[in-house]
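Multiple structures are listed underneath, in structure tokens.
Shared chain: chain A. Partners: chain B in the first complex, chain C in the second.
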Partner chain A sequence: MATNKKEHLQNVLETHRMKHVQNLVDKFKTKRNEVKEALEAHYGSNIYYSFDSGSFKKRTAINTKFDLDVVVPFKKDSFETLEKMYDSLYDFLYEEYQDVTEEIRKQTVSIGLIFEEDEDGDKICLDIVPGRELNQDQYSEDNKLNLFVYRKYGIFSSSTHIQTNIQAQIDHIKAKENERKIIRLLKIWNNNDGKEYKSFLLELITIKAFEKEDISGNLWEKLEKVMEYIKDKVAEDGFKLIDPGNSNNDLMDTLEDWEKTNLSNRMETMLERINSNSDNIKSYFPTNKDFEDDDKSSNSSGYGIKTGGAAYSTPPKNERFG
Partner chain B sequence: MGFLDDVTKLISNIPFVEKAYDFVEEKLQIRGKVIISFKELEKPLEFEIVVFKCYPLKYNDADSIKFKNSNLIEYRHVMEDGAICIHTTHHTNLKSKLNYDFHSLRNWIVKYYINKEQDDHYEHIIVDDKLINNRYWSYQFTDLKHPFEKGEFGEVSITSIQLGTFKSNLISNHIIQNFIRENGEQLECEWSQLYKNMDITNSGAYVYIETPPATYGKFIFTKWLDLQDHLPERFLNFLLEFQKRHIKHRGKLLPLFIGYKIDDVNLHWQVAMLEIGDFPIIGYQLPNKKWITIPKNELDINWGITRNTSYKYFFGRGSFSQSFAEKKILIIGVGALGSMVAKTLTRCGCRFIDIADNDIKEPENVCRSEYIFNTGLMDKTEELKFILSTISPFIETNIVDKDYFQGIIKLFHKEKGGKSSFEANLNKYDLVVDCTTDNDLMYILDSLDLKCDLINLSITNFAKELVCAFHPNTYNFVMNQFMNVLENDTSDLYNPTGCWSPTFKASYNDISLLVQMAIKHIHNLYETGSRKTNFIIENDSSNLKIVEY
Partner chain C sequence: MKLYNKHRKVELIIDQKLLERIGKKGIEHFPNEFGGFLIGKYSDDYKTLFISDFILPKSYKGSRYLFERSSKGMKSFFSNLFKKKKEYYVGEWHTHPNGSTGFSATDLNAMINIESSTSVSIKNPVLLILSVSAQKINQATFYIYDKKKLLPYE
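Right after this comes the complex of A and B.
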């Protein structure tokens, strides 16, 4: 029996909701609050209130892979240079958490904390992003920050710092429920498929598709149209994805030409496979089996056995051979 | 007209044949002479011609026409009897074939006689295989890490590998294990550990003379006289002492390896077989009481057979890329698929393949896997390790704890630190291939954060499809393919004897066809740096089709 693509995708979104891992989310939030408090105690009036960003804040998080992003806005006069700001934060976090973390690593513009497994086997991951206001006392007016670029990569390959407005990035996706669903689906695909593309890129390209095209219909039809848009546009010369936090940043610059072609080809292959056999949608957009409703999983939304229930002593259809 | 007249007339008509004469017919061949002359050739050249009566067909694998001129033996591609070594095209028409062959002779004259061109590759010395004491003797050598110096000598340790039949006679086959310098330093041949650990069964001696022991660089010396300028006196003394020490083995043969450079990097060894008690040397005491040792120059050298079995030559005719062959590979599950993968990778030059499986090889497994009958019941891993070593003397294979993947990982993957421990164990490899068809294991492996590549392979019943998935997109993809996309008919399975699960139906031919295509595709993905996209190979009995996802 063919898969009902709309129903399947709804189930995919449902099984990837954060509410299924509320205990874990609570652990993340508790740890985040601890770190925030430690930072505020250490830096005092040198920082403004730190705030959440990333997929939690944008409500695009999925429960199979997530971390919490915390932005720490420093005042202009707190450090002479952005590098000193970045190093100071790293040194503080290292001193404070080296004994309870698996890894504290310097990332492109943030510092990643991976805490040791707790008794439930859970690992808390936080990304702390330090930024400094452009001019003294200006942050509260314009929300703009300069970030230090630690790892020269992609659009950051020739810069030592980058200007951004994280609040503007968050606002960019506000009240866009349809877009958020597609973004979450594309993140689920991306996570399942090797995590080749940055979530921010998938987010911007989805929003742009909604702006430029008539993305309507049911959930599958919307997803299909966005995928068509990516397939058609991403490898085109002059196609841009402007960072709402800084109009000088084009996210397309983070991809090499061959990566753009690969992304376009991936979309084309996926659309072809799904349209030739609707069951293939499950290969690209899997449900999270840990939170699947047993009733639903036995019908077309799950791995339901097409040929009906297995008889006693007859191997199931998922019996593989080799 | 008869064969003689036809051949004579056709040869006479070839434009650059100035004269064809003295042609006579013998029982199996005709003989004659030709004078070749053309513009670029300063003076005409005369060749004796022998044409076998099977011409224009070949006799065995050899051309049935010979062009000989014994004055030309110093030139490239001329045999000791003056025959020019030409390889020409097949043709069944006498006139066309003669034209081709004479043009090949003309091309040889231009390239090697007039222009004196050198070949890019080294042409090895011609050594006729010779029966010595009613059998042939062969010795295979491989690369060593150390270079040799001209004039150095010492002993050689040797392992006997197999007695066999060679050209209808007995042959003793050996591999060289070590060259032992005078100072005791052992230069180890770079065989796999398994071969290195084999018992030393024979001894020999070596001397490195640097230049080929050959006239014109291609005809091997025939008398000890020819070697006298190449053998240091100290070496001859060493040989005399060596004989004394081994005299209790009087009458046995001792191989003497004579080494030389074949280019800036590579060397080669020829082997002269000496009889203990009758070495071709003699010691004299001089009037000043000093002893000297000299070769018995008039004696013939009995050359044995050597082969260069270095990795480069062993896999020279076809292998995977070096970067792939050097990968540290683990194959989990070595049933039909896994054993075929392991054997194919070994034949393609891979050097490090560890294997894991907790299963036993039953007689019924043999027909569609790489296992053999005459080992009886045996752990699959033990037998496969043995089989791989019989194929390649360079393969290093370790057997991973048989319970690790299908037992231990499942028990402990939820334990604190369990996953990171498994990840560390797998990340020792560059490539892990899971052929277990164990869905539980696939589920756990899918959840690991791996730095190594992981490939999952399995097939449907009747080997209608092969499913290949790359980490981290294995579990969902494979399960969906088997459950929903592919027609995996599990109602018609084979029930073996005994009380165990029914198994799929497919022949060795069915399975290996898919496996070979999958491995070719995977190797190609690595070579081209292409994205490793999951794929299915569909076999609809007349076509194989790769469907990428």
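Right after this comes the complex of A and C.
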């Protein structure tokens, strides 16, 4: 029997939702809070409030692969140079966490902390992104940061620093639930297929497709139209994906010409194969088998009322929330 | 604003201005967490919850990552609310200053305690988490509690 593409994709999204790994997510958040508090205690008034970014914050995370990004905005006068800021943060994290981590590594613009496995076998990964406000005392107003570029390649190959506005990147995807569903699906495909493409690139190209084309219909029809947009546009001369955090960054510059053509070809092949046989959708967009049956246990509906209870409720005396 | 939870196939309706009023209270306590109780009523078929108001706790403790509230001395308030307006306590709300609207293990435990409390007659209390900054509400997410899980409305 042919696969119902819409229903299959809904199931793909459902089985990749973060709620299935809530305990693990809680551990990430607890560890993140610990690190945030340690940073605030150490750097005091030299930093503004650290905040989450990345797929958690953008609500595009999928439960097969994720880490948690924390941005630490330093004040302009806290360090003479961006490199000193980056090194200071690395030294502090190394000193503080060397005994409880497998690795503390310098990454392109962040410092990655990979904590040792806990008793459940879970490994927490945090990416800490230091940034220095661009203009003295203006960060609260303009959210502009300068990041130090440690590892130079691709778009960063000739840069020592990069100006960005991470809040603008987060805002760019706010209230775009349809776009987020397609981004999650493309991330699932990408992760299942060697993770060749940056999630941020897939995010920007999806949002652009929704802006430029009439992306409507059911979930499959929306995905199909976005894939067609990528197929048609990605290898075109002059096609740009401008970073909402810095209009000088074009994410298309991170791809070589042959990679653009390759991405276009892969979209074309996928579309052809799925449209010739709907079962093929399962190989490109697989469900997460670990959580396939999680939501089938409850078929009840409506708000429940306890039998024999009082007509109204009084909340219990003391409750604690976090 | 009308939200839907597909897990229990229920609706939640709240006026945008009410949500903004709740958020404003939360912002006043920034950068600490703050919260309180949600008041509302159900449709006759128990498929829709109308959130009609919110109540601040008489006593509470708030810090950057924790909010503890007490309902001590408020029993008569909830009793009168039902007698006069046929409205009930339907859930809880609190803020995550500069945080996400995801719930924590502490939040889930609190909702487990609430549902299992003998003074609570509802099986599916709701939880509203507001992400706030010093100036504005960043995001708000409602969850329905069901069988030791919190499931978001969309």
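Definition applied: the second predicted complex is superposed on the first by the 293 of 322 C-alpha atoms of A that agree within 3 Å, B and C clash if a C-alpha of one lies under 4 Å from a C-alpha of the other, contacts with A are read in each partner's own complex, and residues count from 1 in each chain.
One rule holds in what follows: contacts are C-beta pairs under 8 Å (C-beta built on N, C-alpha and C of every residue); 3 or more make two chains touch, one makes a residue touch a chain.
Note that the structure is predicted; figures quoted are calculated from it, not measured.
Tell me which partner A:217 touches in the superposition: chain B (first), chain C (second), both or neither.
After superposing on A, A:217 lies clear of both chain B and chain C.
Once chain A of both complexes is superposed, is A:283 in touch with chain B (first), chain C (second), both, or neither?
The first partner, chain B, only.
Just to be sure I read the superposition right, which of the two partners does A:318 touch: chain B = first, chain C = second, or both, or neither?
A:318 sits against chain B and chain C alike.
Mind working out whether A:3 is in touch with chain B, chain C, both or neither, as first, second, both or neither?
In the superposition, A:3 contacts chain B only.
Is A:57 touching the first partner chain B, the second partner chain C, both, or neither of them?
second
Which chain A residues are contacted by chain C in one complex and by chain B in the other?
Residues common to the chain A contacts of chain C and of chain B are 303-306, 314-322, listed in rising order.
Touching chain A in the complex: which residues of chain B?
Where chain B meets chain A, its residues are 333, 335-338, 414-417, 435-437, 439, 457-461, 463, 467, 470, 472-473, 476-485, 488, 490-491, 493, 501-504, 506, 531, 533-534, 547-549.
Which residues of chain C touch chain A once you look at their complex with the stated criterion?
7-10, 31, 33, 35, 37, 42, 45-47, 49, 64-72, 74-75, 78-79, 81-82, 88-90, 92, 94, 98-100, 102, 104-108, 110, 113-114, 117, 119-124, 139, 146-147, 149, 151-152, 154
Which residues of chain A touch chain B in their complex?
Listed in rising order, the residues are 3, 117, 119, 121, 192-195, 262, 266, 269-270, 273, 277, 279-280, 282-284, 286, 303-306, 314-322.
Quick one: in the complex, what on chain A touches chain C?
18-19, 22-23, 25-26, 29-30, 33, 37, 49, 51-52, 56-57, 174, 177, 295, 298, 300-306, 309-322
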